[in-house]
Every structure is written in C-alpha cells, then in structure tokens.
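Common to both upcoming complexes is chain A, partnered first by chain B, then by chain C.
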Partner chain A sequence: MAAIYSLYIINKSGGLIYYKNYGSAGRMDTNDTLRVASLWHSMHAISQQLSPVSGCSGIELLQADTFDLHCFQSLTGTKFFAVCEPGTQQIESLLKYVYELYTDYVLKNPFYEIEMPIQCELFDMNLTQSVQKDRVALLGQ
Partner chain B sequence: MIGVGKVKQYGNVLDKPLNKGKTEVSLSAFAFLFSELVQYNQTQVDNIGELERRLEDAGYAVGARVLELLCHRDKGNRRETRLLGILSFVHSTVWKVLFGKVADSLEKGTEHEDEYMISEKELLVNKFISIPKDMGTFNCGAFVAGIVRGVLDGAGFPAVVTAHFVPMEGQQRPRTTILIKFAEEVLLREARLG
Partner chain C sequence: MQFFGGSEISPSPPAPTASGNNGHMLYVFNRNGICLLYREWNRPLHTLNAQQDHKLMFGLLFSLKSLTAKMDPTSAEKGNLGVPQLPGQGCSFHSFRTNTYKLSFMESPSGIKIILVTHPRTGDLRDSLKYIYNLYVEYVVKNPLYTPGSPIRSELFNTTLDQYVRGIA
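And then the complex of A and B:
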C-alpha cells in the first residue's frame, strides 16, 4: 500500500520551515530533520550544476529501495518535498496543493515572517484535512 | 470623422456620473493588501489594544464613505431614522456590497437593551489569518467593527462597536461576533419615536 511518511518545506536558503511526520516508522528528532533539510538543499543545488545540459531545475524524484522522495521547487526557490513509500502515486499534485495552501494561509497571514518556521493554525488544519481526504492513498489506512 | 466615439468630457469631476463599477475584486489582492495594513500598523504601536484601535480607525473611514455611496446608489438618497432600519441596512446591504453576501445573523442582546450582535461564521478579512497564541484575543475583525461604526455614526446612530471571537462547540474555528452598543441618546430617540 502506498503511503506518505513525511513532508518538509525548506526556504530558499535551505532552512527547514515546516516538518510533518505521518508514518510510525522513521521518526526523527528535530536536529536530524534540520540536517536532512540542509542536506537536501545542498544536493538539489549541486544537481543543477552537474547536469550535462544547461537549464536543469534540480532533482525532482529520488528513488531508493525502501522509499521515494518527491521534490517540488517553486519559482521563488521554496522547496516542498515528501518522503513516501515506493510507488506512491500523485505526490506531485499533493506537493502542488501544499504550495497553494502555503501561498494562501502562510503568505497572506500578517503575523508570519518570511523565511521563518511556519506556525499558522489554518495551514496545519487545511493540510491535515487534505491528507485525511486522501487517507487511503496517502496514509495507507 | 473626428470626435466620434470619444467619451463625453466633463468639465468638473463632480459632474461625472457615479458608475456602478466592477462589483468583484480579487480576494487574493485584498488579502495581501489587508495583511500589509495590519503589518504596517504593528510596526507603529506598542501593544495590542493600540493595534485594534488603529484597525478600527482605518475601518471607520471606509464605513463613512460606504454609507454615502450606498445611500446615493442603492437607496435613492433616503435616510434611515429607525434603529431596526439602520441595523438591517448594515446587515444586508452593506455586507452584500463589501463581502458579497449578507451577514449570517442579526441578534438583539439579552442582557442589555442597547446591545445588538451581527454574527458571521468567518469574516472575509480573517479568511487567511491565523492569530498567534501570544496575541490572545486580538481580532483583525476590528477593521470590520470600524466599518460598522463608521456607517452608524454617519447615519446618526452613535455606537461603540467591537469584534469578538465566540468559540462554538463542534467547530474548530470560533465564530466572529460584531457587538454594537448604542449610545444613550439613540435609545431615547427611538423610544420617543414610538
């Protein structure tokens, strides 16, 4: 069964601004999540340089034997990536939807400072609702 | 032919007709503008009470102008003199023009004679705003409270208007209530009119 394990959002300088864990396995403490975020940010940047043809926009999918990592980068450099079970469908559209929620409930919030960790109640609520809606596909339940 | 299809030029801007205008504005555009308004005022004040007062004052200016515009455009220059008349004007016409729908409910307060409440499940201005925990009971609906106060003041019904969150059982987000407390003179006048 396909399921999503975790969701990360990192700002354009590589700092982790949002982390949500859905799986029971693979729980990490805060420091580890911060390290993963900055690691991914560097790898994403290096991949753009490694490309043999110009105009590479970075890593979109990383496939390992026990997980897949899908990454979506917005035009402003904010990266949304999700770690999920191999073969999970429609993570790309989920990431784009999370981007929409981000622009609505985080960027239009006057109490949110740009590039800081996200602590917006409405964002959390709507994110939970949308993942719950696709619970069979995403949470494996 | 010269001059065909040219818009009639008015000598004085006050002679131009008041057109209906576009009735729709992008919600995102308004949300960003309102967010900036709140952020700007936050830099100017030291405490939350001041911030609420500033938002209310901003709304007051809007309310005064909306009253003039709507009286001319929608009500044919007729003036409301009764309390219920002006309240239903605010509850339906003003809300319809500003937010695209009538307010959810209009109630009379049970404890005091001079209190009325307009409730809304979720104010349009608060649609994308999450108040941080450390700001307590602050409500950006103070802007809407200011608009209502502007309308009532301009119509001759001075009142104190505030916005409150009312938690509802079974719902995650609290309802918003605009509490209107009329001045003494309004009630005396209303009683005299019978």
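And then the complex of A and C:
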C-alpha cells in the first residue's frame, strides 16, 4: 500500500522540472521522462477541449490496468502528478502537500530560476521524508 | 481483460439503478479511426465541429494508450513512445476523470473502441462497456446488411443503446 511508483512536476509550458522514481520496474531514461511529461501536458489540455460541459480543468485521475495516475494542477498551471498502485488512497492530499513543499523550498529559494529544473536539497529531503511517512502510516493501518 | 470465457452467449445487463440523465455522449471507433457511431444525450458545450471532435477524441485515446504502455511501472521491457500497439498489447487505461466528466474506455481484441462520457461521480463502467459491446455484436455485426467499417445506421441498436444508457447510474 501507499506504493507511489513515481512523481513528476511539470511547469506551465509542459517542461519537466522534477522527476523522482520510487521503485517502478521499468526504468525510463531522461529523454523518455521528458517526452512522457510533455505528452501528459498536451493530453491534459486536450481533455479540456472534449468536455461536454464548460468549466473543465483537465484530467485529475487516470485509471489503467496496472497503475493509477493522479494529477494536481495549481492555479498557475504547474502540474504535479504521481503514478501509483491502483486504488491507492490520499494521493490527492499528498500532491497538495508536495505543492506546499514546492512553494516553501523551491519558490522561496532566491537562487531558483522559475520554470527551470528543481535542484533544491531541502525540497528533496522533505519530499523523501513525507513519502516515507505516508508509506509507514498506511502500512501501519 | 477477459472477453471470452463467460458462460452466457446472449448479453445480460448488469442491474440498472435508473437515475436517468447520466450519460453525456458515446463514441464507437474501429481500428482505423473511423467513427462508427456517435450518440449524444446531454452535451451543452460543443467546442469543435463534429469531424474535428471525432479526430481529436481518437487522437487523445491513441496517445493516452501509448503513454500508459510506456509508463507501466510493472513491465520492464517497453517499446518507444508513439509506436502503434496491437489491441490488448501493453498496459491500457480504462477510464479517466476530470472535474466535469468521466470518460470510460474499452477496446475489443478486434480494435473496436467504445467510449462513454458520463457524470464525474459515475463508478466503474467496465461491465457496462462490455454489455454495450455485446449489443454491438448482436445488433450490428450480426446484421447481414451491415458492412464493417461503415457508420452504424441501425434504429434497433440506437433504441436499445439509449434505453440501456439511461439505466446506468
């Protein structure tokens, strides 16, 4: 349980700025992760076009045979999405928490250039801690 | 996904829990991207004209399948992104949900894709899509006057389909 396979953060233009793999069997090289991120950005936008009702803000959950993909889009267009085991709960709140960490440790970092790949130690540290905590909490139940 | 192996030959519907107006629209595509059927029950917003809408829908599904096959965390060997996959090969998605709609998707082994767009709080519609595929087989494929690959024009199929979709919760 609480098996997150990977986490991606993409900027508002669709470029990948952060990728973390937590144990998926298939390793993707950097180029593939970049392609997958841009593809997701475009699919997210196209899904808004196909909505039968106005006010669509894009895909929030994609369910496949072997994984679920949860996506959270901030008001500025930055997307946080996580690939996890089918039926994992509370990924939405985890993504919102990652957004908080992003605003605290990345955006408030004076050396960070916006829209560029994230290379902030504190962000990494806190992110690993919270993913581990989630794992332990859900295993304990 | 198990297609063959059920004990019933004729379609048996899952119990309908009629709440009426849940289905927005339905698309049926064949393996070449031709839209065999488009039914619309409740669609206040039309962003594009019909042709472009069908192409966009087919393209979206093609790309999403390619994406899920590539992102599959349980398989080690994957082809490149964008390589056309055989129906059933690679991990495929069965639904996605946005804040305004839920799209359920099913592909048969022959490449017939059935897409149902409903209210976002709808449950898992995989069995309903299988039932709709059975309806397609009974009323369309077994119709001697129907040429495969051409748009479906069967009143009986349309009526049965409408009735069934109205019964999906």
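The criterion applied here is as follows: the second predicted complex is superposed on the first by the 132 of 141 C-alpha atoms of A that agree within 3 Å, B and C clash if a C-alpha of one lies under 4 Å from a C-alpha of the other, contacts with A are read in each partner's own complex, and residues count from 1 in each chain.
Just so we're on the same page, a residue touches a chain if its C-beta (ideal position, glycine included) is under 8 Å from a C-beta of that chain, and two chains touch if they have at least 3 such contacts.
If you're wondering where the values come from, they're calculated on a predicted model, not measured in any experiment.
Engineer: After the superposition on A, what does A:Leu39 contact: first (chain B), second (chain C), both or neither?
Structural biologist: second
Engineer: Compare chain B and chain C by how many residues of chain A each one touches, and report the one with more.
Structural biologist: Tallying touched residues of chain A, the top partner is C.
Engineer: Under the stated touch criterion, which partner chain does A:Asp65 make contact with: chain B (first), chain C (second), both, or neither?
Structural biologist: A:Asp65: touches chain C, not chain B.
Engineer: Quick one: classify A:Val83 as touching chain B (first), chain C (second), both or neither.
Structural biologist: second
Engineer: So, does A:Ser57 touch the first partner chain B, the second partner chain C, both, or neither?
Structural biologist: second
Engineer: Check whether A:Tyr18 is in contact with chain B, with chain C, with both or with neither, and answer first, second, both or neither.
Structural biologist: neither
Engineer: Chain A residues touched by both chain B and chain C?
Structural biologist: none
Engineer: Hey, which residues of chain B end up touching chain A in the complex?
Structural biologist: Within the complex, chain B contacts chain A at residues 28, 31-32, 34-39, 42, 128-132, 135, 140, 172.
Engineer: Which residues of chain A touch chain B once you look at their complex with the stated criterion?
Structural biologist: 104-105, 107-111, 119-123, 125
Engineer: Which of the residues in chain C come into contact with chain A in the complex?
Structural biologist: Checking each residue of chain C against chain A gives 1, 24-25, 42-45, 47-48, 53, 56-57, 59-60, 63-64, 66-68, 70-78, 81, 91-101, 103, 117.
Engineer: Quick check: in the complex, which residue numbers of chain A touch chain C?
Structural biologist: Residues of chain A touching chain C: 5-6, 23-26, 28, 32, 35-36, 39-40, 42-43, 46-67, 69, 83.
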